[in-house]
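For reference, the structures are reproduced in the following blocks.
The same chain A turns up in both complexes below, where it pairs with chain B and then with chain C.
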Partner chain A sequence: MAKDVKPTRKNLMEIEDRIELSERGHGTLEKKRDGLIMEFMDILDKAQDVRGDLADDYDQAQRKINMARAMEGDVAVRGAAAALQEHPEITTESKNIMGVVVPQIESSRVSKDLSERGYGIMGTSARIDEAAEAYEDLLESIILAAEVETAMKKMLREIETTKRRVNALEFKLLPDLYDSQEYIEQKLEEQEREETFRLKKIKEKKEQEEKEAREAEADEDDIEIDEADMEPPATGGVPGN
Partner chain B sequence: MSQEIAVVGSPEFTTGFRLAGVRRFENVPDDEKESELDDAVTTALDDEDVGIVVMHDDDLDHLSRNVRQNVETSVEPVVVTIGSGTGGGGLRDQIKRAIGIDLMEEDEEEDSDSE
Partner chain C sequence: MSIGASNPEYVNARVRSRRASLFADEDYRKLIRMGPSEIARFMEETEYEREVNALGTRFSGVDLIEYALNRNLAKHFEDLLDWSEGRLYDLVSRYLRKFDVMNLKTIIRGIYTETDPEEVQTDLIRAGELDDRTIDRLLEVDTIEDAIEVVSGTIFYESLSAAHEEYEETGALVPLENALDREFYEHLLEDVSRSPGRTQPQEGPEARYIEFLQAEIDFRNARNALRLARSGADLDPAAYYIEGGVLFDASDLNRLVGDYDALVDHIAENKRYGDRLSGALGRLREADSLIQFEHALDAALLQYADTLSSIYPASVSAVLSYILAKEREVENIRAIARGREVGLSESEIEEELVIL
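The block that comes next holds the complex of A and B.
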C-alpha cells in the first residue's frame, strides 16, 4: 500500500488524520472489547449456576415422570398430558449491555394450580401431579437458561466482531498507514534534498557564468586598451617632409 | 409479542413437557431420528411464534451439520438443550474462539475435583 500513494504533502496530511482517527478508534474498541469480556464473565458465572439448577431439575422431573409412568401407566400419563388447557407463554423484553441487546424473558402461566391444569382430579393420581409440578419447575429453569444463553451467544458474537476490528486496526490498517506515512515523509525529504542540491548547482552555475562573463568583459577591455596602444597617432605627417 | 415454548424429541421426552402445558411439540421416535429430526427441528426454528426450543443433548448427534450449526447459533428462537452433557453445545467452542481461553474446561475440572 505504501507504494500506491502519491508522495505529496496533502496525502501526508490526510494519512496523518486517518492515523489519528484509527488510533482513537483502536483505543475505544479495545476498551469496548475488555468491557464486553468482563460483562461476559459475569453472565458466564450466572449461566453455570443456571445450568447446574437445570440439570438437577431435569433429573428430578425425569424421576417423577418415570415414577408416574410406572405406577399409572404410560397411557394415563399421556392422556393427562393431552388434556392440558393452559399453555405457558413467554414475552421478551430487551436490555442493553454495552450496545448488545440481550433479551429479558418474562414467563406467564408456567406454574399452575391443580385446578388449572385441566385434567380431572378423579381420573389421575398424585404422582402425575408431582410430575407435572416438576416439569413446571423445569420449564422455569429452561426459561432462565434461555435468557442467559441468548445473552451469552449475543455477547460472544459482539466480542468476536470487536476483536476482529481491533486486530484489523492493530495488525493491518495502522501498520499500512504508518508505512505510507514513512514512505511519503522520506520521499518528501528526498525531494527537499534534491531541490536544495539543484538550487546549489544552479547558484554555482550562475556564479560561474557571471564570473566567465566578468572575465570575458575584462578580457575585452584589455584587448581594446592594447589595440588603442598599438595604433599610431593620426595627427603626425610623414617624417622628413 | 408473546411466544411459546416448543419441544422436539422422542415421545418420552416430550410427554413431560406436555404435562407442564407445552402444546408445540415435535415427536420423533428414536428409530426415525436420523431421517426425521432435521425437518422437525427446522420446523420449530422457523416458527415465528416459538421463542424457546427445548431439545435433548443426545439428539444433537442425529442432526445434520447445517441444522446443528443453526441450532448452536440460533438466537431467535434460542435452543436450550438438556440432558447428559454440561450443555451449551457449540457455546464452548464459541467461547474458545471469541475469548481465546476454554473457560468451561476449568469449571468442569473443578466439578470433577469436588466429586
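The block that comes next holds the complex of A and C.
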C-alpha cells in the first residue's frame, strides 16, 4: 500500500489525519469491546441460571404430565388441554446495550389461575392442575431463555465484529498508514535533499559560469591593452617619447 | 330407565364371576416389571384379549393398552346396565353417568376445537346411560348449541342450556363442564337421601350405599376446596360446592377456602374421615403437592367400596364395589404402562401410582 500512494505533502497530511482518526477509533473500539465483554459476562451468568432453571422446569413439567397421564389417562389429559383455545401472547420490544439492540420479550396470559384454564374444576384433579401449572412455568422459562439467549448471541456477534474491527485497525490499517506515512516522509526528505543538491549544483554552475565570464572579460581587456600598445601614434606624435 | 322389579341377586351372581377375573395383586407385581409391549402381550392372554386384538392394527404401545382398557371397561359396565332392572338399574346407571359426563365433555371439547369426529369417537368410553344412537348424533353436530339439543330429554339438558348462556358470553367451556359435573353429583343421591317424604335409612344396604356416595361427594368437595385454597384464584367457592355430603356445608366451604390450614384441620377433625385420611393430611400440611392427598382419597374411597361389598354382598353396594374395583384395575394397568413408558422406577410406580 505504501508504494501505491503518491509521496506528496498533501497525501502525507491526509494520512496523518487518517492515522489520528484510526488511533482514536481503535481506542474507542477497544473500550467498546471490553465493555461488551463485561456486559456479555453478566448476561452469560444470567443465561446459565436461566438454562439451569429451564432444564429443571422441563423435567418437572414432564414428570407432572407423565403422572397425570398415568393416573388420569391420556384421554383425560388431552381433553383438559383441548378445553382452552386461547393462546398466550408475546410482545417484543427492544433495548440497547452498548449499541447492541437486544429483544425484550413480554408475555401475557401464560400463567393462569384455575378459572382461566378452560377445563371444569369439578371433574378434574390436582394432577391436571399441577401438570398445567408446571407447563405454564416451563413456558415462562422458555420465554425468558429466548430473551436472554438472543441477547447473548447478539452480544457475542457484536463482540466478534468489534474484535475484528479492533484487530483490523491494530494489525492492518494502522500499520499500513504508518508505513505510508514513513514512505512519504522518506520520499519527501529525499526530494528535499535532491532539491538542495540540485540548487547547490546550479549555484555552483552559476558561480562557475560567472567566474568564467569574469575571466573571459578580464582576458579581453588584457588583449585590448596589448593591441593599443602596439599601434603607432596618430598625428601629433606620442607625447612623452 | 327402570323397568320391573329390582334384581340384585341375579346381577350380583354375574358380578361375582366378573370380579373373580380381575387382576390379583401378584399380577400387578408382574406387570410392574414389564415394559409396555410385554404388558400388551400379557393382556392378550387375559380378559382383555378381544380388545387388544381388535385395536392392535390401529394402535400400538401404551395407546393400545389404554384404548383396550377403556373399551373393555365400557363393555363390562354396559353389561351391568343390561343385566340390571328396576331400582337397581336406577342406582347403577346414576353412578355410571360419570361416563356420560366424560363423553359429553369430550364431544363438546371436540366441537370447541373443531377436532375430527373420528378422533373424538376414539376417546369415548361408552359405559354410561346415553345410548349409541345419541352419541353418534352428538358426533355429527357442528355446534355446542346443537349438541345440547341432542341431549334434550336427559338430566343434562337443563343445566347445559343454562350454562350455554354463560359460555356464549365468556367463550370458555368451564360453565358447561361444571354444569355436567354438578348434574352428575347432585343426581347421585336423588331420591335416596333427604328427599321430600322420605327419611334417610340409618342401616342396611341402602344406608351404606348412601354413605359411600356421600364419601364420594365429600371427597370431591374436599379436593375442589383444597385446589381452590391452593390456587388463590378469585373464585366463588359456592359455585363449586356439591350438596349431599357430610363434610362441608356451603357456609363452611366459603369460610374455609380462604384459610388453607383451617381447611385441612376441618377435614382432619371430621369423625368419619379424619382417621382414614390422617396420614395423607399430615403429608399435605408439609408438601406442596395435592397429588398424594388425592391418591389417599382414591384409596379411601376404594376401601369404602370393598367394605360395602363384604357387608352386603347381595345389594347394590356389591355392584358398586365391582364398578370401583374394575375402574381401579383399569387405572392401575394404565398407570403401570404409562409409568413404564416414561421410565419411572418400579418403586415409584408402586408408591405413587398403583393402588393395591
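Heads up, the rule we're going with is that the second predicted complex is superposed on the first by the 227 of 241 C-alpha atoms of A that agree within 3 Å, B and C clash if a C-alpha of one lies under 4 Å from a C-alpha of the other, contacts with A are read in each partner's own complex, and residues count from 1 in each chain.
Definition applied: contacts are C-beta pairs under 8 Å (C-beta built on N, C-alpha and C of every residue); 3 or more make two chains touch, one makes a residue touch a chain.
If you're wondering where the values come from, they're calculated on a predicted model, not measured in any experiment.
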item: Three-chain arrangement built on chain A, chain B and chain C clash or fit; value: fit
item: Per-residue contact with chain A, leading partner among chain C and chain B; value: B
item: Touched partner set for A:L188, first chain B, second chain C, both or neither; value: neither
item: First, second, both or neither for A:A82, with chain B first and chain C second; value: both
item: Partner chain(s) touched by A:I19 [first = chain B, second = chain C, both, neither]; value: neither
item: Touching partner for A:M98 - first (chain B), second (chain C), both, neither; value: neither
item: Chain B versus chain C as contact partner of A:L174, first or second or both or neither; value: neither
item: Distance of closest approach, chain C and chain B, by C-alpha atoms in Å; value: 10
item: Common interface residues of chain A - those touching chain B in one complex and chain C in the other; value: 62, 78, 82, 84
item: Contacting residues of chain C [partner chain A, same complex]; value: 62-63, 66, 70, 101-102, 105-106, 109-110, 112-113, 115, 123, 125, 171-174, 176-178, 180-182, 184-185, 220, 223-224, 226-228, 230-235, 240, 242, 289-291, 293-295, 331, 334-335, 338-339, 342, 344, 352-353
item: For the chain B and chain A complex, residues of the former touching the latter; value: 1-5, 15-23, 51-52, 54, 73, 75, 78, 80, 82-83, 86-88, 91, 94-95, 97-99, 103, 107
item: In the complex, chain A residues that touch chain C; value: 62, 66-67, 69-71, 73-76, 78-79, 82-85, 113-116, 118-123, 125-127, 129-130
item: Complex contact set, residues of chain A against chain B; value: 37, 40, 44, 47-48, 51, 54-55, 58, 61-62, 65, 77-78, 80-82, 84, 86-92, 105, 108-110, 112, 117, 128, 131-132, 134-136, 138-139, 142-143, 145-146, 149-150, 152-154, 156-157, 159-160, 163
